[in-house]
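The first chain written gets the first letter, and so on, giving A, B, C, D and E; residue counts start at 1 in each chain.
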């Protein structure tokens, strides 16, 4: 039964990683990364590594996405541009 | 099937439920994605609690505890940045039904003691966090 | 099952690098680098796993239980810290880069050539 | 105190210094924090030298081995073999020189963070020393990343300018990616052997035959190290980062950090993979020789094409790294000793040249060869230092770089007879490029070069001075430091004791069995007898030849500044250096595949 | 290179990498089968030092030197970020606009804040006994502090966040780690050797120097992450580039640079 949990978690992680790469808008990516962080934490718990899971949870699902969001906010805050979250990055020149 | 396998099989349920959630986070509207993020931490918390029982390791509950604290925090931070805090009946009902349905049997299995207090605490946090973050507060806050 | 975790690690590495290569936004690229790094955690922990083993934390388990490898877990912890800090530093660079170049599109950066 | 006990202190002391500087940085005046930084660096250097002198005494005898935390075979081991300890000493001495050079160098430290520059340099020192001393694969990865993280921050230190940021970002992404590849390789090795120490892994690998896993582990581990060493095609980040980092940082990056990548490749191969269960010697030689030759040729060609002085020096570092890789590839004690001497001499020369360029930058706010034409006639001292540096770079006897080149090219000549010619050619071209720039800038020789057509990709050299305003008078340290560095490089070539010590270091370094026994069993490793490297007639003649070639090339270029056919020929190669992070990452992956192809016959 | 050429170079390389990695995977021992000698030795070593959490023992005892490097990476990354995200000469600060927060969110955040801090401290304190430790707890505690940003706004967070103190805390954590190691040398042992009494297995005081180093790391990580996020928040919320519109510039009273110190005094 542990194996089933591990396999599902592995596939979730692989899927989340792929989605994180294919979501080219950083804000969307931040949310997927946060999902990836949680999925990894689950996988690590099933692999009997709660210490690593805690670490991944704290870093991957909170701090890293938060830093990305803050960077996006800084980068998109320009004179004359609105704060739209879905604005494609290439538009700002 | 042994008792521990039963708990682990139960943990599969929230785990599999994460698959459509991932789809929503990757493809949905901003509101959808926020709801997805909210659901993720809730379901992950439940899966962790069930797995801890399945592995007979109460110390794994610390992971669920941290999820229950950081999950809503994360959702609120995203709400602040995306400027949406959507109302979601799905999250509310998952929390109000799923958490007791998980935590109460776990409590029964653990028996009274420190571990049970911790379980109840995690359950309460998961419910409170999900309810607060899934009830429309209008905007998550204006631009800071 | 015998090789699936290893192959997943390889997939994550490659898909992350693919994202880096095709990225049109440096913030996205830094995110992809974080994805790439998660492959190393997966591989480390997969290598240290033992069927039927439990975490080598003996507060609530007998000291003679069958345990998984603690060393890889310690390595993965270190690795996670490294990943987070590198991400922070690179994002800081992106913030300043945006100020000075006015863009976060790698295609539009052209100061250093030849 | 036991010498071995001192080994961890080489890492711990600078870290303590950095912590002190950060904790007090808001309160201390600039001068005090500079002094504190120098003091900690100097104490570290003294410790490293003490270890080196105790470990490097001639005659048979074990070198110091320390299990940190006191856990024999369970913890992390630090090994003070003469080569590792020597590199730690080189790093520390160069850091002291850099801190003296940057004494009151930057215009103003970031607000309220007075100590941050020396603190970062101290951490950098700790990372490099740790990397040189460690005998544990994962620990090496940690220090690899530590070096990297500090180096990215230092490269982007001048945030008011666009170029450093772009260079630092490319540096950061490519190096981190290389680091992750290394970690994957380490994990594979751990899965096979269940060990992390070099010696332990090596011993257990040798109990089984080589297979795909060992090959993959070798390729992945080496990828990260070669990225650090800037071997083709992993080299793209280096010119972009070295050209834009603050001058004192360039001195460290080009002087020692890149060479540590080469050291890492050599160390890992000799201790882990050189046995029957690893990668066979011909396979390793083939792979590294191909990469080394490519690196040397490309570096030299690109170096000649540059007009941005720091970029020119950066490409010359690429070229020399190629030569170092060849020296490692031939897999003989002589190759290692020669390369070690070459690295020592090169570090002093390259750092001195960067220091001279720093003077130009702060005085004229540009490091562009064409714009500076004839303007620095008023700085004869700097001009003399620059010229001497150029000659030393080309391998002129009796400089340390000349001795290293002579010994390494002789060792390489035993593997392939045409390799010495490559050494001569590459030294002559890189030295010639430096001399050409020196002739134009400091002597105003020849005709004023015209800017080429705009269709060529080119990085020009307009930069902001790093001292705030332009310097009117050159402060003493800015010239004293390069002079001292060149003198040190000369001393390496002249003092015979250095040569014999390095010879012994090379012999011990290549004694795989001796290393494993010393680390794991505590047996003294007797240094196998080898004649110490010394000046030989062929070496002197070849050194003179490459210096003469360098002068000729420089004179010709100055006389006839018109672009020749080489520029057009090299245009496609130059375009590869596109500054695009995606390109660099793609090349990194392709390089891994190339390395696989080069080593794949290793699986039987 | 054109995007297409780049993709081709990558694809060729990736094919090689994939072949290499797959070959390695099939030569690896099957998932979950083989114990590693080092892992076995580590478990034995940890128990001999009465440390219940073997991972903590590996991190803070057997391979404490790795963790020193790891903490230094964090330390220097924070230092580097502080340096990189400093206020450039041509930038100025503006007051962030106050945020309007729904009362329910505010109540929840304010109630969770002390609790989350407590969880962070709990995770740090139990590092050598149960899963967790200085790093994990430190990050949780630091993140928890930012609930204040959610509950109110950035200015409220700034008021309870004397940044200079956190910077000193970070350096003090790093220094404490090194000094603990040096103390062992002075006691005649190896650097970072575990020289304190080991205590009873699975109690808070067990493990000798493990809890000490754990606490040092906790201090460093918590302070470091706060400083790190503060720099990003500053950039995202307060620092304005020339020509950027935003709130009104700060009054001349504290416009003379970075406002941290002024705020500390207030």
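In this section, a contact is a pair of C-beta atoms (placed from the backbone, for glycine too) under 8 Å apart; a residue touches a chain by one contact, two chains touch by 3 or more.
Quick caveat, the model's predicted, so the values are computed rather than measured.
Engineer: Farthest from chain E by Cα centre, which chain is it? Let me know.
Structural biologist: Using the mean of the C-alpha atoms as each chain's centre, the farthest one from chain E is D.
Engineer: Of all the chains shown, whose C-alpha centre falls nearest the centre of every protein C-alpha atom combined?
Structural biologist: Per-chain C-alpha centroids compared to the overall one single out C.
Engineer: Between chain B and chain E, what distance separates the C-alpha centroids? Give it in angstrom.
Structural biologist: Here chain B and chain E have centroids separated by 25 Å.
Engineer: I'd like to verify one number: the distance from the centre of chain A to the centre of chain D, where each centre is the average of its C-alpha atoms, in whole angstrom.
Structural biologist: Measuring from centre to centre gives 37 Å for this pair.
Engineer: Please tell me the distance, in whole Å, between the geometric centres of chain B and chain D computed from their C-alpha atoms.
Structural biologist: Result: the chain centres lie 51 Å from each other.
Engineer: What is the distance, in whole Å, between the centres of chain A and chain B, each centre taken as the mean of its C-alpha atoms?
Structural biologist: Those two chain centres are 17 Å apart.
Engineer: Mind pulling the residue numbers of chain C that touch at least two other chains?
Structural biologist: Those would be 1, 4-5, 13, 17-18, 21-23, 30, 39, 46-49, 53-55, 57, 59-60, 67-68, 71-73, 75, 77-78, 81-82, 84-86, 88-89, 91, 93-96, 107.
Engineer: For chain E, which residues are shared contacts with two or more other chains?
Structural biologist: Where chain E meets two or more other chains at a single residue, that happens at 3, 6-7, 10, 14, 17, 21, 24, 26, 28, 34-36, 38-39, 42, 53, 55, 63, 66, 69-70, 73, 77, 80-81, 84-85, 88, 123, 130-132, 135-136, 140, 143, 146, 228, 232, 235, 237.
Engineer: Enumerate the residues of chain D that touch no fewer than two other chains.
Structural biologist: Answer for chain D, listing residues that touch two or more other chains: 138, 142, 145, 149, 152-153, 156, 159-160, 184, 188, 190-191, 196, 575, 578, 580, 582, 585-586, 589.
Engineer: Any two chains that touch count here, so list every such pair.
Structural biologist: Result for touching pairs of chains: A-B, A-C, A-E, B-C, B-E, C-D, C-E, D-E.
Engineer: Could you please specify the touching residues of chain C with respect to chain D in the complex?
Structural biologist: Within the complex, chain C contacts chain D at residues 9, 13, 17, 20-23, 26, 29-30, 33, 36-37, 39-40, 43-44, 47, 71-72, 75, 78-79, 82, 85-86, 89-90, 93-94, 96-97, 100-101, 106-107, 109-114.
Engineer: Residue numbers of chain E touching chain D in their complex, please.
Structural biologist: Residue positions touching the partner: 1, 3, 6-7, 9-10, 12-17, 19-21, 23-24, 26-29, 34-39, 41-42, 45, 61-66, 68-70, 72-73, 75-77, 79-90, 164, 167-168, 170-172, 174-175, 178-179, 181-182, 184-185, 189-194, 257-258, 260-261.
Engineer: So in the complex, which bits of chain D are touching chain E?
Structural biologist: 5, 8-9, 11-12, 15-16, 18-20, 22-23, 26, 66-71, 73-76, 110-113, 116-117, 119-120, 123, 126-127, 130, 138-139, 142-143, 145-146, 149-150, 152-154, 156-157, 159-160, 184, 188, 190-192, 194-196, 200, 204, 211-213, 215-217, 219-220, 575-576, 578, 580, 582-583, 585-594, 596-597
Engineer: Where on chain E does chain C make contact in their complex?
Structural biologist: Residues 3, 6-7, 10, 14, 17-18, 21-22, 24-26, 28, 30-36, 38-39, 42-43, 46-47, 52-55, 57-59, 63, 66-67, 69-71, 73-74, 77-78, 80-81, 84-85, 88, 129-131, 135, 201-202, 228, 231-232, 235, 241 of chain E touch chain C in their complex.
Engineer: Would you mind writing out the residues of chain D in touch with chain C in their complex?
Structural biologist: The contact residues of chain D facing chain C are 138, 142, 145, 148-149, 152-153, 156, 159-163, 165-170, 172-173, 176-177, 179-180, 183-184, 187-188, 190-191, 196, 239-240, 243-244, 305-306, 456-459, 574-575, 577-582, 585-586, 589.
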